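So, here's a batch of structures to check.
Look for subunit A in each of the two complexes below; its partner is subunit B in the first and subunit C in the second.
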Partner chain A sequence: MTILRIYRSEGNYDIHHLDIKPETKLLTLFEQIRTKIDSSFAFSSECRRGICGSCAVKVNGIPVLACKAEIGSFRSGVLRIEPLNSAAPKIDLLSDFEPFFRSFSRFPEFPPPDGGLTRHCEPSDALRCTQCGICFYSCPSVASDDGFAGPAAIVKAERFLSDPADRLTRPQLEAAAENVYQCVKCFRCEEYCPRGLKPEHSVEAVRRRCLTLPEDSLGTIHTKALFDSIFHYGKINEVFTARYIFGFCGSLPLILSGIPFLLKRRVRIRPVFSKNIREIRQLLEADE
Partner chain B sequence: MTVCDVLVIGGGLAGLLAATTAAESGRKTVAVSKNHPLRSHSTAAAGGINAALTEEDTVLHIEETVAAGCGLCDRKAVELLCREAAAVVNRFLRNGTPFQWNEERNEPEGRPFGAMSAPRTRFVGDRTGAALMQTAFDQAERAGVRFEYSVFLIDLIKDGSRIAGAYGIRTETGAVEVFWAGAVILAAGGAGALFDVTSNGIGSTGDGAAMALRAGVPLRDWELIQFHPTGLYPSGFLISEAARGEGAVLRNKDMEAFMSRCHEKGDLAPRDAVTRAIVTELKCGRGFGKRGDFVLLDCRNIPSERLSARLPELCDLTETALHIHPSTHLIPVIPTAHYFMGGVACDLDGRALDGIGFPVPGLYAAGECACTGVHGANRVGGNSLLETVVFGARAGTTAAAECTGSKALSPPPEATAAEAAASLNERLTPFLNTGETGRRPAETPLDCRRELKEIMSAYCGTTHTTVRHKQGAAKLALLNRRFARCRLKTDPGRPYNTELKDFLETENLLFLAEALFSAAEERSESIGAFCREDQLYAGATPYHTATEWRKGRFLTERRPL
Partner chain C sequence: METVVFFPGCMPVSIARHQYRAERKLLKKLDIPFTECPEFSCCGGGHLQDADEMKFFALNARNLVYAERNGRLLITGCSTCYQNLVRTAEALKDETLRGQINRRLNAAGLDDYRGVIEIRHILNFLASSEIFSLLENLVVRRKKQNMMPFYGCHIKRPSALLPENPDGSLEKLLTLCGVFVRPMRDPYVCCGFHGQITSPKTSASLTDAILSEAAEQQCGAVVTVCPLCAFNIESRSLQNGRANRPQIIPVEEVLLKSMK
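What follows is the complex of A and B.
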């Protein structure tokens, strides 16, 4: 016996007690509920085989594609089913995909700047992305920052990096550079991606490419600041890096948000040097 | 109310191309779809897009397409299609589609496909449709197309004899929305959801074709439906022809590779021939399984690296659906409803034609819901993507050139919006939940849809006979009566009312099913994908059928080519 708690509206869940075979797909179950129990139950689905990305929902807080997830794959016998975008749910299991699609369009495919085609773009894993939005809506950086394009868009942008026709043009690369540093490396996108894509790899690749940008771009300064900090102190010194990146005046507003960290002694005003600073410097010099 | 120059109905590949070209010619273009374009059924297209890159190969491509079409092709249309193919592929390449590359020849790699003598199907893994959609969508956005991707359109609006727009329901609000335009391009796809076993998504409900019928535009060759030979058993999910292109073989119960006996091209015969061979094998009791109702697709001779590099979707599908890997296990397959060759008849520039061959003012069509004559009675794999791109763009150009700009457009009568709402209201009134309970319990639209699918698969599926048509039509009439007892549980004006959408889609499907029976009965001989068991041989002169909705019933007539 499986117990389903399905989100219908704020604070209102439908509870179904059902006898289901463990290999039943979640989507089949939704369809049965819609046909047999409640014809007004709303969810979205299209291809039913995992290539259109319409049917992502959250089960006990974990995002899955309903057409691929089997009931038996969840350890719990009680399934709490919620829309993917549970921060701004619409109705029943429908999510608002507008923010996701808007962010996904931020790095559009582009004809190469020289106009003619001399070389070609390699097919890559990025094309296996189905735009299901799972990575976007499970990303903590997206949740906390409106400006962050999210993992799927960065995967798409990364595709152009390996493109010999240099399709990732300067303005696009700069836009990407502003985005990749917002990734906090929690790896949730990789964990949940129903296609097994690796957005973190893409973030790394774009970060590496950002170093080719001119010295005054945010990404380059950020990397330099971290490097210099480690070179001088043997560890990351927040006060030093903030001043390096934003300048003295620019970093003044940061003091306010820094105070709680100061009180908890996470940030120190007097620089702390690593004990092994000499070895660290040798390593860095050797690497350069 | 939205006023624009060009209204594109449908957000698939044909719709996107039409919208892009119309917007690039400076027209204010709105593309309306019931789902986001990147979720449309075009993204499910797997195998590739046919493009001959040399003159010799182009001639061959034309000949082979015409030959596979069994005499129903429009030769001019086929020539146009094949000659524009190379330019189309190059345009997509330039805009960013990463076709698999052949380093030696320095051109996109070709893959052998059914009914083709040379490998000319250009591909991106087995997600070609999705890759093309991505490029086309980015292009359309750059061209300035306005997307309305959560409006379910219900009917076309006429201004005198001109098609002047459409009205539908905006999902977020549940309100009636009117689009008033100088030209309307219909690119709403096929109606694969009519069948039980189908490769199409649940949204392929032929809304465009139903709208055209209700507006008095006939459908040409509506009975010609391609059944793809390899759908995954039992659901019918598509297993791309690319699998056989890469070397997979079909086997029956005795593990015999029966296609080599059935057709000179073996497993890469035209789709109608492969489907017919499979149906014959099953009929003769050489099918696999307890009930002997499927055959097997053997991919074991494809090296596993090649399999995972070139057919990742196939591996993914078998893995999720059956927990098997194609490199070690045989895949159970059955023929699955795949593509409607017929649709709104149109000329080479995408103008929709009425019953006597004159353009319908203001209406254009492209993609699966159109019938340009390139596929004849049997479509060649890889030609559908090509058709959407070539004829989608042409329809966009023509519509942009011929439409009255929205500024010069006679202003929409004030009453249009009110009329639209009233006519929808009138249509829904009998189905509203009034609280009274009749003697028998109310039906739900999804129950009716499920039954409809069963009827269509059983009585109008891979093979046809007059007797079965009669039985099927009678069952359909009964089902229509049951559908009349449907009651909507929710208020039609409710935001995000998916129940209403189910209802309207089912209504369209029932309507199209009736048209299908009428058209199928008129075609009295086997031709291409249409296989009649009571008349196996094609007649001397091929003909088109034209199905029209007139005075409350369907009328099908034969038309010379």
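What follows is the complex of A and C.
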């Protein structure tokens, strides 16, 4: 017996006790509920094959495509089913996708190809993104509402970055540099992407491109600080990186905040160097 | 038992030495022969790949070369190190890439990376049946305290990459120590460490959510499996002031304190 607790827009949950075969798809179940139990039950679906991305919902907090998820794949016998954007649901299992679609416009439109270039573009994973919104609505940086464009938009930006026909102008990259460092690298997007895309790799690729900008942002300075620390010590040295990023005076509050840890005998004051540091420096300098 | 290569990570040797000490003492108590290479470097801290992916692979391949010299199993107590080392080992299964990286290693006077070292997180290692049975004989003192187990992200995600599923391991070890486990709603939530500098608002809201859940659950302690999570949560709770401040304890220390 599986117990389904399905979110309804009135703010309550419908509870269904059903005998379901473990291989039954969640979407099939929704359709059965709508035809046999409650014709007012709202959800969205289109292709039924995991391609269009329109049936994403959350099951016990984990985002899935209803057409691909089998009932037996969840460990619990109680399934709490909610819309993808559970923070601002619309009707029953329908989500408000407006913020998600808006996220793509965070980066200024890319200019049309200027004709002179021959297109030799590597096939990009980004082309397989179906814009289902799963990564966007499971991203903590999006949820904290600090203007982060979200994983899907960054995957799209990377696709444009790697296309020689799309000349990337400085304002566009600068817009990305403001934004892409908001990622906290929690890997939720990568974990839940039903297409198996790796948005974290796109974040890294865009960040690498940001390093080519003539002006530094906090994000690029942070990356350079860690790189230099590893070059210098072989390790991340907290005092070195804090000074690198915030300057001598600016880093004092951060460094002083380590005093409680020092008093608890957790801090080694003398910096730690890796042995054979020359090898590390050579590897970090090497370019092929 | 074969010698285990212990990869501590940067933070335990610099500003989380209580974890470093606990890990070493624990391995000694368990009578597991281990070696730690002074040559080990940083794993890139999750950010070196933002500068240059090939250098990231080369640096971690160097760590793995030193590990391969000294044993067949590497264990680390840092989830970010674990994720980055596994990512390197997986990427270097590609022969072309391994050839390129090996050329860089050779140019720096290092041996080839052979791809024979196994990489495990210390939590999964301790909770594995072989080591757990050793722990069962050693843990005597029962800690009667409410504790909230917190896994963080890099020990589990991306699960398509990481070889081990840590589900339930922390609870298993804590229950052994007699701790009253107060489970979190989502123990794999991100602590926000990697956004501390560049995304402070998100980072703070993530860390505060963990702290307020600990307070809600009336937990005197949050148990961690990654020094980055531990440091981040503890610094945030110090910033937030005195009220309801939980202890942040690495699991290795909980185990050690429950032993004779």
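Observations on the structure shown:
By definition in this document, the second predicted complex is superposed on the first by the 196 of 288 C-alpha atoms of A that agree within 3 Å, B and C clash if a C-alpha of one lies under 4 Å from a C-alpha of the other, contacts with A are read in each partner's own complex, and residues count from 1 in each chain.
Everything below uses one rule, namely that contacts are C-beta pairs under 8 Å (C-beta built on N, C-alpha and C of every residue); 3 or more make two chains touch, one makes a residue touch a chain.
For clarity, every value in this text was computed on a predicted model and none was experimentally measured.
Of the two partner chains placed by the overlay, neither subunit B nor subunit C lies in contact with A:Ala175. In the superposition on chain A, A:Lys68 makes contact with subunit B only, not with subunit C.
Judged by the touch definition given at the top, the superposed model places A:Ala286 against subunit C, while subunit B stays out of reach. Shared-chain residue A:Arg49: touches subunit B; no touch with subunit C. Using the contact criterion defined above for the overlaid structures, shared-chain residue A:Lys275 touches subunit C, although it does not reach subunit B. By the document's definition of touching, of the two partners only subunit C reaches A:Glu238; subunit B does not. Judged by the touch definition given at the top, the superposed model places A:Ile230 against subunit C, while subunit B stays out of reach. Using the contact criterion defined above for the overlaid structures, shared-chain residue A:Phe261 touches subunit C, although it does not reach subunit B. According to the touch criterion, subunit A has no shared surface contacted by subunit B in one complex and subunit C in the other.
Residues of subunit A that touch subunit B in their complex: 31, 34-35, 38-54, 68, 90-92, 94, 97, 101, 105, 108-112, 116-117, 120-124, 127-128, 130-131, 159-160, 163, 167, 195.
Residues 61, 140-141, 144, 146, 148, 181-188, 190-191, 196, 198, 200, 203-204, 207-208, 211, 218-219, 222-224, 226-227, 229-230, 234-238, 245, 257-258, 260-261, 264-268, 271-272, 274-276, 278-280, 282-284, 286, 288 of subunit A touch subunit C in their complex. Considering their complex, residues 10-11, 13-18, 37-42, 44-55, 58-59, 62, 100, 103-105, 107-110, 153-154, 157-160, 185-186, 189-190, 192-195, 197-199, 201-203, 205-206, 231, 234-235, 238-239 of subunit C touch subunit A.
Considering their complex, residues 35-36, 38-39, 41, 43-44, 90, 93-101, 108, 124-125, 127, 130-131, 134-135, 138-139, 141-142, 172, 201-203, 235, 237, 312-313, 316-317, 320-321, 444-447, 450, 489-490, 495-499, 502 of subunit B touch subunit A.
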